[in-house]
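Below are two complexes that have chain A in common, paired first with chain B and then with chain C.
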Partner chain A sequence: MNLKIKYFGVLAEITNCSEETIAYTKGSVSDVLMLLFEKYPTLKETDFQVAQDLEIVSKDTLLLESEIALLPPFSGG
Partner chain B sequence: MSRYHRHIVLDEIGQAGQDKISKAKVLVVGAGGLGCPALQYLTAAGIGTIGIIDFDTVEESNLQRQILFGTSSIGINKAIAATKRLEDLNPTINSIAYPEKLTPKNALSLFEDYDIIVDGTDNFSARYLINDAAILTNKPVVYGAIYKFEGQVSVFNYQNGPSYRCLFATPPKEGSVPNCSEIGVLGVLPGIIGTMQANEVLKMVLGFDTVLSGKLFCFNAMTSETITLKIAKSVAEIEKVRSLKEQFSNQSFASYCKFPVAEISVEEAIKLGNNQFIDVRELGEKPTIELPNCIQIPLHTLEHELAQIDSEKNKMLFCKTGIRSKTAVEILQKHNQHNCYSLIGGAETILAHQKLELK
Partner chain C sequence: MKERKVKNVFMDGAISSQFIGESIAKHQSKTTIGAHNIFLGQVRADEVDGKQISAIDYTAHQEMANAKFFEIRETTFEKFNLTCMHIYHSLGEVKTGEICLFVFVSSPRRKEVFKALEYIVEEIKAKVPIFGKELFEDESHQWKVNS
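== the complex of A and B ==
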């Protein structure tokens, strides 16, 4: 199945894209993060939350064919 | 009063709503990019008492977005300069300047005097301090934050709703988010986000049931895209803050300005690919390393040679042992270069790896 991933803030700079679609079999948020950490090692050093279909979810949430968003904290003001 | 006529004629507000606005007490923490527009609209709307706390002074580079200040405000404390402008905008309200820093020592007693707190700060330590003090004093916080072209807005701690720690439980790893260096921001973005914060304040004061609680609104000024994410409440996180009430005023909300340095082995670096190797040793240092895509920039000249850095590539920095290269990574990160790594073991390890490959 395909998973659409949106990157916000500094994450879009690390991955060099604001969104991408990856092929994904099945598993939890942690599983897909493992894939992304391999692709973008710097991501591992970065704090962010994951949303699935517009809802912030925990790392053990099972991913469905959906859109996920990776959201870092912003501090500027 | 004709000043509020356009509010009063709205069915949703009326004289009763305007009376609520004039009785409200709002504290704005930080009179910067977010605080200025929020203060401007809250003052114009007639919020009865507005507190402004900021220890900083106005600089010329603030004027691109901090719209309460003019050239004549440069060098003046922001809370005081803002109050001066706001007194002219609306002399019927009471605006109070606190030209000091918000600290664990003064936060609780200050928050007690207000109904709503607006977070217009620019660093994580202040944001966690505000969140925790608001939990302890049971005050809602209107949160706004920006990064380059993107902004976030939410209302925390409102009617038993989630807090900032329910979204991001702890401050990011020291320095993993570039917040302290001047990274640049589109001036109009804090204008939009700060104005949305004023909107949330007014919705709460007026008792509307559409407050942005339990939701995080995200805006991208470049694409004009918006997205609203649901946030769940974490009772455990809120209880943790409550349980530390006694120690609160002695707590340290340290700052988070330093970037962590990512280290990588030669094998991992080669596996990763798309690399630019950067030798930061002095010219002539042995052993000589011959690699494709390798340039030499001695550490002390690095800041002047940034044009040679390929931002599209993974920057693999190395020296003799892997110590200077860590400093080099910090320098590049300070200049907003991502994907920078310090090669573990330095030049000797690269040489050993090359010998192994040749066998």
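== the complex of A and C ==
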């Protein structure tokens, strides 16, 4: 199965892309994060939240959608 | 009838004083309104390690942000007796001294608009996925953190 991951703000700088698709087997948010931390070690020390279906989800949430977003701290206004 | 559709809150670049003025003018026909309140977020020329910020480049998870703005809008209408509410936020580059956030609430009475406006602005800062890249004059940058 393919999972699209979108990166925003400083995270897009760290990964050097605004989105990518990775192959993954069914699991939770933290399973995907493990893969990403291997690929981008700096991500581990960076503060961010994960959104699925336009809502912030916790690390043990099961992945149901084919797309997630990694969001650094919000700084609107 | 209140609007129940997700709207696009984003505008390209700074929000002009002309746009803000025209928004106010459009309410002259709504004569049940007795009080307006307006919040304008302006880009500040902060100094960091001797360098001055010259602009903020805003990006957002636009789909999620518009959904969050919609939720905030719905909750605000439930909590406060408002006649209408308008929210606009910039995307892209906004120079120091220019406006990046425009929130406009109207009600028959003044007390509601004071409370509602503060509530909306705090909710936007906390819940909407917008990201500000602070640009310095020497073309370096840092990522904005809301305090």
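The rule is short, and it goes like this: the second predicted complex is superposed on the first by the 72 of 77 C-alpha atoms of A that agree within 3 Å, B and C clash if a C-alpha of one lies under 4 Å from a C-alpha of the other, contacts with A are read in each partner's own complex, and residues count from 1 in each chain.
Heads up, the rule we're going with is that a contact is a pair of C-beta atoms (placed from the backbone, for glycine too) under 8 Å apart; a residue touches a chain by one contact, two chains touch by 3 or more.
Nothing here was measured: the structure is a model prediction, and the numbers come from that model.
Residue contacts after overlaying the shared chain place A:T61 against neither chain B nor chain C. Of the two partner chains placed around the shared chain by superposition, chain B and chain C are both touched by A:P73. Which of chain B and chain C touches more residues of chain A is settled by the count: it is B. Once the two complexes are overlaid on the shared chain, A:S28 sits clear of chain B and of chain C alike. Once the two complexes are laid over each other on the shared chain, residue contacts for A:P41 go to chain B alone; chain C is not touched. Within the superposed three-chain model, A:I14 lies in touch with chain B and out of touch with chain C [touch as defined at top]. Contacts of chain A with chain B, set against its contacts with chain C after fitting on chain A, overlap at residues 6, 8-10, 51, 54, 69, 71-77.
Taken together, the chain A residues at the contact with chain C in this complex read 6, 8-10, 51, 54, 69, 71-77. Interface residues of chain C, counted against chain A in their complex, comprise 41, 58-61, 63-65, 67, 89, 100-101, 121, 124-133, 143-146. Contact residues on chain B toward chain A in their complex (touch as defined above): 30, 32-35, 119-124, 127, 144-148, 150-152, 167-168, 172-173, 176-179, 183, 185, 190, 216, 218, 223, 227-232, 260, 262, 264, 268, 272, 312, 338-339, 341.
Here chain A touches chain B in the complex through residues 6, 8-10, 13-14, 16, 18, 41-42, 45-47, 49, 51, 54-56, 69, 71-77, going by the rule given at the top.
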